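Going by the order they are written in, the chains are A, B and C; count residues from 1 in each one.
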Amino acid sequence: MELNQVKQVVLKVKEKKPLIHHLTNLVVTNFTANGTIAYGASPIMANAVEEVEEMVRVANGLVINMGTITPEMVTAMEKAGKEANRVGVPIILDPVGVGATTYRTEVVKRMMDTFKPAVIRGNAAEMAQLAGIPWQIKGVDSVGEGGDRFEVAKKVVEKYQTVAVITGEKDIVTDGERTAVIANGHPLLSTVTGTGCLATAIIGATIAVEEDAFIASVAALTYYEIAAEKAAAKTQGPGTFAAYLMDELYQLPISDIDTMAKIEWVKK
Amino acid sequence: MELNQVKQVVLKVKEKKPLIHHLTNLVVTNFTANGTIAYGASPIMANAVEEVEEMVRVANGLVINMGTITPEMVTAMEKAGKEANRVGVPIILDPVGVGATTYRTEVVKRMMDTFKPAVIRGNAAEMAQLAGIPWQIKGVDSVGEGGDRFEVAKKVVEKYQTVAVITGEKDIVTDGERTAVIANGHPLLSTVTGTGCLATAIIGATIAVEEDAFIASVAALTYYEIAAEKAAAKTQGPGTFAAYLMDELYQLPISDIDTMAKIEWVKK
Amino acid sequence: MELNQVKQVVLKVKEKKPLIHHLTNLVVTNFTANGTIAYGASPIMANAVEEVEEMVRVANGLVINMGTITPEMVTAMEKAGKEANRVGVPIILDPVGVGATTYRTEVVKRMMDTFKPAVIRGNAAEMAQLAGIPWQIKGVDSVGEGGDRFEVAKKVVEKYQTVAVITGEKDIVTDGERTAVIANGHPLLSTVTGTGCLATAIIGATIAVEEDAFIASVAALTYYEIAAEKAAAKTQGPGTFAAYLMDELYQLPISDIDTMAKIEWVKK
């Protein structure tokens, strides 16, 4: 039953082609725009303080990614986030590298006082930082094992009243009530910059068409990571993998979810 | 006869390797720089207000693309545009997303009071906005059918004393006197971000070596879209298509214009 | 014997996975981040003045690339460079386009008064500019033949107390005492934007694990250019070449250095 829901949600993205406003980092701008299109949505990447509110009002979803924040970008994010909340446009936050510097930690705190995301997606270290649980961080990448990832996800849900998504070898998605663990994906994903950011963008495109942000997040991640598995099967290195990943996001038959999805519904 | 002219113009780019200064958006910087090189020209992407005028003076052409404008970038564009006009460096303007926000509409108006482009290229909605003709806009993409595209192109020519290029399934190029309709291209172009911006960049490289901006625009678009057709024949998705598009821009034999060009010369 | 050292140094990067902080240009951000990962290191691209010093302190190396400098970016570079010197994090400088505008010439002068790089890598024209030797520049690309490249390299070493790397058809690496000429590489490298910047990034990742910056630079360049040769053998154009280059950087067997390296040790 849930698998049918997952498939329906992905199909809805491809049918409705939602318009997704991105305030994202300089490293992945092109990659996430292309991934958004390949998946079936339409990206806007405008980031001037002068126009972000107006852009948000015509958008169906908002992606906020902290990868290369500057004070100007943070102002744009706060304006856009606030307006998105006001007009009911769902937000996904990617707290890239939070905890790596004092600046990032302060910025994310201030942003969380300004607007409320429907979903927060990060790696274990970033999410642990948001949850206030100690975790080792190396630059913007999560390393080591740290504490219990389920506990981290649960704390993030409680603290921010959001769906929490922790990606890694296995992904955890939870809204506090329901939890899913997704075991799809491929090691080559970690050899291309921005594949985490693209996971965020794909979820952002999906919550734009599906109000149930838990199901939307599970559906988006599952589809994305099956696409990665199929892309990986065609290649042996990160360069061609990145190209095939776009191809697969574009053409992956929805029926592959039936045969390839590895979702464990921990609690219903 | 015109087809020979088209071929000669493209060959001139590859022979003269003009230096093209780009003031462009964050999403397509890498993609348009690579496309410019593959086509046979040399890109400079410097955008500091402190140096744009000096860069323009050593360049053979200037590309101004409004995709992710900020006030600082607009200042750089105005300085560069003014200097380009002064020293006779031809400008192409890509009014990305104009009409989508008040800010963009005001910026383009101010820029058009500051410098004069030799060519303006946009989709139907953007060009209709410039022409003052109502058209439906969805984010930065043109949707729906709106009014007559020839009328829009004609109005842009009259209002801005420029060559107008409207790209879409069929492209319209006109200088008011002469008009061409190009039916080359491929649907995969719309699955990769920045393919419109790259069309602009390719035209920008071509008007840098050919004073007749009408013929230059027709030649550039035809070559670019034949390259897209050949790239599409090698792939089934946007990721590999984008890579093959660069390959084709680099290696496409000029004689393919003879066999593949679909140009209708509406009026001579 | 030196070839064994070269191989050991490259293996050390892949084993230690150093964290490399990049303050680089907008054109190559994604490409150099991906190249850094493929090579075996970990990139951070954060560039806010508010956090660069803190990022530098957790990094193992710092890459400073002047491609699209703005005053804010220069401030971030100076802060990061100074802090890197203070805490012993090795810096590589890529003086992109120096000499092309007065602004760039002034900025590089000021930066060289603020911090000291372990390596400077540029094309012949950029390095000649740093050395104070006249050379023809066309935009950000080096053209023509100019003076003697060995003399240029030697002057840069003397003036800045650094290892000098001049890339071109043949590359020169020298620390004043030792000099190597590397004849690997492929013409397709010049058809993709940022391949010079990526050479800088690869060297930057290598000096992060090997204190002998001369050997590190030779090792990094040799490995990178052999990867380019192998990538070129699989393709005929710049788009697919760029993808295969990443694949090769990721998977190139270290033993290929034995069979393919073309290093001439000019002076021991």
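We adopt the following convention: a residue touches a chain if its C-beta (ideal position, glycine included) is under 8 Å from a C-beta of that chain, and two chains touch if they have at least 3 such contacts.
For reference, the UniProt names are A, B, C = Hydroxyethylthiazole kinase.
Since we're looking at a predicted model, the values are computed, not measured.
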Looking only at residue numbers at the chain B/chain C interface, is the share used by both copies over half or under half? Answer same or different. different
Cα superposition of chain A on its sequence copy chain C - rotation in ° rounded to nearest 5: 120
I'd like to verify one number: the distance from the centre of chain B to the centre of chain C, where each centre is the average of its C-alpha atoms, in whole angstrom. 33
By residue number and range, which residues of chain C touch two or more other chains? 26, 29-30, 242-243
Parts of chain A lying in touch with chain B, wherever the complex brings them together: 19, 21, 26, 29-30, 33-34, 37-38, 42-51, 54-55, 58-59, 72, 242-248, 250-251
Quick check: in the complex, which residue numbers of chain C touch chain B? 25-31, 67-71, 97, 100-104, 138-141, 191-194, 235-240, 242-243
